[in-house]
Amino acid sequence: MQTTHPAPPMATTRNPRERAGRLLQQHGALIVLAVLLVVGTVAFDSFTTPANLGNIATASSFLAIIAIGMTFVIISGGIDLSVGSLFVLGGVLAAYGSRHGAAVALGLPLVVCGAFGLVQGLIIARTRMAPFIVTLAGLLAARGLMLSLTDEGATTYLVEDDLFARIGQGAILDVGYPFFIMLAILAVAAVFLQRTGFGQNVYAIGGNEDAAALMGVPVARTKVVVYLVSGLLAGLAGALNAARLSSGVTILGIGLELDVIAAVVIGGTLLTGGAGALGGTIAGALLLGVIQNLINQVGGLTSSFQQVVSGAFLAVVVVAHRILGGVRRET
Amino acid sequence: MTDTALRQGAPDRTRVITWLQDYGVYAAVAALLLFNAAFTPHFLAVDNFRTQLVQVTPIVIVALGMALVIGTEGIDLSVGSVMALAASVVALYLGYGALPAIAMAVLAGALVGAAGGTLVAVVGVQPIVATLALLVGVRGLANVFLPQLKEFTNPTLVALGSDSVAGVPIVVIVAVVLTAAVAFLVKRTTFGRQLVAVGGNRAASRLSGLPVRRVLMTVYILSGMLAAVAGVLATSRLQASDPTSLGLFMELSAITAVVVGGTPLTGGRIRVLGTVMGALLMQLLQATLIKHNLPQSWTQMAQAVIILAAVYAARERR
Amino acid sequence: MSVSSPVLEAVGALKVFPGVTALDRASFALGQGEVHALVGENGAGKSTLIKVLTGVYRLDEGEIRYRGERVEFSNPLEAQRAGISTIYQEVNLVPQMSVARNLFLGREPRGRFGLIDFARMRERASEILRGYGVRADVRRPLGSLGLGAQQMVALARAVQADARVVIMDEPTSSLEPREVDKLFRTIAELKAQGRSVIYVSHRMEELYRICDRVTVLRDGRLVHTGPLAELERLRLISLMLGRDLAEVAAEGLTKFSGQHHSHAAPILQATGLRHRHVLDDVSLAVRPGEIVGLAGLLGSGRSETAKAIAGALPLDSGEVVVAGERVPGGSVAAAIRAGINLLPEDRKAEGIVPTLSVRENIVLAALPRLARAGIVSEGDVDRVVQKFMRRLRIKAAGPGQRVSELSGGNQQKVLLARWLAMNPKVLLLDEPTRGIDVGAKAEVQALIDELAGDGLAVLLISSDLEELVEGSDRVVVLRDGAVAGELDGAGVTEDKIMAAIAGDNDD
Amino acid sequence: AKSEDTAASPAPGGSEAQQQVVKTPSGPAGAGCTIAQHGATKFDLKTGVVGFSQSEKEANPFRIAETQSIKDEAAKLGIANLKVTNAQSQFSKQISDVQQLIAQGAQLLVIAPLNSDGWEPVLQQAAAKKVPIITIDRKINAKHCTDYLTFIGSDFVEQGRRAADQMIKALDGKGKVAILLGAPGNNVTTERTQGFKEQIAAKAPDIEITFEQTGEFAREKGQQVTEQLIQSNPDIDGIYAENDEMALGAVTALKGAGKKAGDVKIVSIDGTRGAVQGIVDGWIYGVIESNPRFGALAFETAQKFLDGESIPEKVIIADREYDESNAEGSLSQAY
């Protein structure tokens, strides 16, 4: 959001506290995750069972896949509110397409949600309208489209194709295929973000868009690709979830975008853009799953109180990031 | 806040653009009114306009606070939950009478705002995350205080929601007064000027000795209080406190109103009347589609289009 | 007028911004292997010309020719691909990214599978930068370097590209004499390789050191172009200002009257200022009516010293006293109340509020004084704005124009106005004439002089030694965040300052 | 804090509360399901692990009464190990919740599903561990006995039909009617709409449905939509609200528009105390009950199953209906 950046006082030798802070900023989510896993193991004997961990991993992988796309968007200095709607739209399209075989079931959501992302990207890049607004419109449009496809959500298409269903339901020792698919995507995405010119450009335009443009970064194209990727991944996640549920449930994904953003932020990526990494994002996504699970393990908490807890937790995490993470932004 | 009068010599095209930037929303509202006048039965009725105004009130009031926050390059996602909190607090304290209850509700809003303000101004958390945490937590809190919808019969509160003065509903009068107050705050007071300066360039404001923290703090507190007022009014209209569904997704409606009204999300600039117009535009759109009995899917897609069009017209050229 | 086979040409270039005609059918031709000076007052259109040449802005009329053919670069990338690389006026790199990444963005060294080879990238980065005297860890975020260092990185980046044309818009504005020499050596090499350079600067002596030809712009129009040697300095200035020679000659170059002998007790006393890694026991005092210069290399902590005194940099220890009153540290507001005002070094990042008008920017700090019960009195505001826009000759479409649309120099004047409106006791000026044309520079210097005359205490930070020498009554020299020496009266000469800066001074 | 003192409401599912009664002991597909066929291992409810997955926050009368009655009944039967989860209206969460219950060794699952489709992952895991599933108030689309044990609840289509009957009675056969739809994409909405429309079409062709908009099962939305409705269609005679909350919102709207009780006939579904009170006050014409007190019936069914009896695919409960004739008297029994 902010392009200029006042040069902080000289830091020729970075002090240890700052280095520790950076470390926590980058791996904080992972550390908290580890801690919670230990706590869970000690406190509840039904926590560290393969079945339970498998469930957490599988259930989190859909959020994680979307969050990977969102990380690209946020690092590039943008935001994508449409992912929740694209997730549910993707699911419906996949279930609808499954009657024509697995290829269509996967292809249709990718094409449509990809197109959504592409158009959003084009609008953002060409008109310089705020991503927040453009993707907010996308959120509405995609959900509207989904509703009109299912006559106002009344129809639920069932997955007809067994091969496709297996992609979502198969598992290797209690961990569902979606998790491994997520890992594969993560690997590819990480290489692209860290080791290619495209990745560098994403960081550059997130850091200082005007400068990036003057340095010859193809700002528009990079943005378009970033939102395209986000749309594709949201659609894919939706499709995989539909395969898992073997039906195109229409009541999914409301407010999902906020969970995704939370995961990315907990993962240590700054919403100001220009900085961040995928590892943290995944940790953040898993973290949300684990917390949910632990809250259930504890039991007893009323549903409203559970929300208070989640809210407080998010607050604590971001405060921690802020206090530990590097130099404080000038206020 | 560039006054366009000074840009003499600019070619006509740029003048048209500038005009669109400044008055596009008004034009859109006018267009929608004309459309309805022509094609919607019973549209040109006093009652109808009263209905539309009454329904838009909460959004307008919340959007006013949101505009202030956005002016400082921030954003406040907690407003919807604050409305819910206000609803439950009112129900909790109604035993002491309407006014104390309302006071407590507004206080609660101020406290949430202060929490957000602290996270943003003192700790330095990005507004969107700070208030996201509040959005989740405060909604839960509202439900903890008041687990389920509760009806009330307190005459004062009911009157606040349903009575009119000289044919104008009280809630609308409240909204008008608050709009005027915020407009004055932004245009004429030191605080207002400092607010946009902080949004425009925080480092510079700091080096110019502006009380950046205090400004930010105040802004979030104001946003919280306005959201609380909106919550109270909505509750008084409903004649029941409903912390579960009151104000759901209000943050998005409010932000939409602000941006459609021509206030850029990048801060440093606030358009109060534009914001009101933005809210009205979305309300009229909603009403039009309902009155013509169009399905939900249409409503959402139409909203998408309008948002894009309006913001496109009002966007900053460079 | 025209050059034999120009590499890059603008013909009848017209560029209009809301309210301003930045380029008024100006023509410009850059010859093969020449170093071409582009000069003019603030707002003359230099940066705009450069931006239309490199595809940042589109021309409203006229055309750009590159190597004989008509071109229309739609963005800087195309220009770069074609072999035109540019250092724009404001340092334009990505602060969050590492120095190395900034240096190589867009042409990173590739390893296996065409993936980026970071190890090699870092090696090459640090070896290249060492050549430019930047001794920073290339993995550090660029933003943690000083402006000067950042500018050197930008230079390295621009030159390293195998560019036919290198454009430099005020590259020396935040450079030290040492860095300037490196820059000039680089330019000489470029020239030797038959590459062409466009060089924009307000520092006359530099132009005469390295430029072959000169083009003068005034109010967006071409007023002169030709060999520089044939054109002596005063004539050039009179061309830029559009005033006749005699007049300029009469006024002389810098506008400092020299010494103001002031024996009053110091009004500003900073003692033992400390801040980890940056300031190490800096003490200095300024008397009313005295101009104290602050010299030092980039990163020597001059800005930090100023910021510390102005309460913008929290201190580990040390105290600031104004007129006998101790100023509570770490609070800009408190410092301002005590009468200390700081003109920051980085205009864009710490000075102007781009979204606001000239008017709002001028009164920003003074608002509380121009308001009753928190309500701004527009009348008073207008009066103040009028007064200072006239006094500083701020060139704008009007008080309502956005400050972001003003030229660098005029923006600087707006900031000066912001502080003068506070009628301060102590004025801390960090590079006050950076990026300001001769005309405005003279005005600003005269102004500083006048202010001192009125008994104001001034601390002057400048990388322009000539300015320091002419302006200061005393000069305090910093090295690595500590006071390395102090020069007084006749002792204030460029050589002595250089010596003290370099650290091989005898005293 | 001191809240406005209103008539102290008796604990939902309390003594005088109306417990459920079975209408059709065996669903149309009469073929029952015994523990032998299902393959579950017999266990003692008291000591065994029982999981209950609630779909929405306990923030409306229906959900409160539902959860409460499950807990109360469990306590009454001395079921020591009852694990309760709440999906907070997020379907994905409900799936995870139930999976977790299974992982925690639940031997019997009582589920109030948020949605009828998409239960594949749960069903697979439950089938693998042979955990019997009883779904309450909404059924899930799956195979009886192999996938789930039984569905206990109301017939929503039927509720819609009965609402239609009341509407027909109210308008004696002719007039303009508006529908306040429930949340889109929710099969309760779908079926209550379907039943209502079918019945109107069949029984009263002169009744015209001129308007249907969603009120998302929420009171405020119901109020707002009704305000718009009576603006643009002043000639509306009846409003069919697919739950009580929206009906009460509609009432507020009508009051606000200066209408008098009975001007517009309102029929709704659920039978919350507020709505029944509405009948007493004359604002609401009639209410079809949808009884949330599943506790007794659910555990009774479970016990029968464990005792080897055959359990039918559906256990449809008899929903009562309220109108001016019985509202006054049954007010205390409404939830």
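Letters A, B, C and D name the chains as they come in the text, with residue numbers starting at 1 for each one.
The rule is simple: a contact is a pair of C-beta atoms (placed from the backbone, for glycine too) under 8 Å apart; a residue touches a chain by one contact, two chains touch by 3 or more.
From a predicted model like this one, the values you see are computed outputs, not experimental measurements.
Chain centre most remote from that of subunit B: C (centre = mean of CA atoms). Per-chain Cα centroids separate subunit C from subunit D by 73 Å. Note: centroid distance subunit A to subunit C, computed from Cα atoms, is 43 Å. A straight line joining the Cα centres of subunit A and subunit D is 35 Å long. With touch defined as above, residues shared between interfaces to two or more other chains in subunit D number as follows: 57-59, 184, 214.
Multi-chain contact residues of subunit A (touching two or more other chains) are listed as 4, 6, 147, 152, 302-304, 306-307. The set of subunit C residues touching two or more other chains comprises 349-350. Taken chain by chain, the contacts fit none of the simple shapes, being neither an open path, a ring, a star, nor a full set of pairwise contacts.
Per the contact rule defined earlier, chains pair up in contact as A-B, A-C, A-D, B-C, B-D. For subunit A in complex with subunit C, the residues that touch the partner chain are 4-15, 191, 194-197, 200-201, 203-204, 206-208, 210-218, 274-275. Contact residues of subunit C toward subunit B in the complex are 16, 18-19, 21, 310, 312, 332-333, 335-336, 342, 344, 349-357, 360, 364-365, 367-368, 371, 374-376, 397-398, 400-402, 418. The residues of subunit B lying in touch with subunit D in their complex are 40-43, 45, 47-48, 51, 54-55, 91-96, 143, 145, 147-154, 162, 234, 237-240, 242-246, 287, 290-291, 293, 296. The part of subunit C that touches subunit A in the complex is made up of residues 56, 75-77, 80-81, 86, 88, 92-97, 101-102, 105-106, 108, 114-116, 136-137, 140, 143-147, 150, 157, 275-278, 299, 301, 304, 313, 346, 348-350, 481.
Within the complex, the subunit D residues that touch subunit B are 1-6, 57-61, 64, 184, 210-214, 216, 218-221, 223-225, 227-229, 231-232, 234, 245, 248-249, 252, 255-257, 274.
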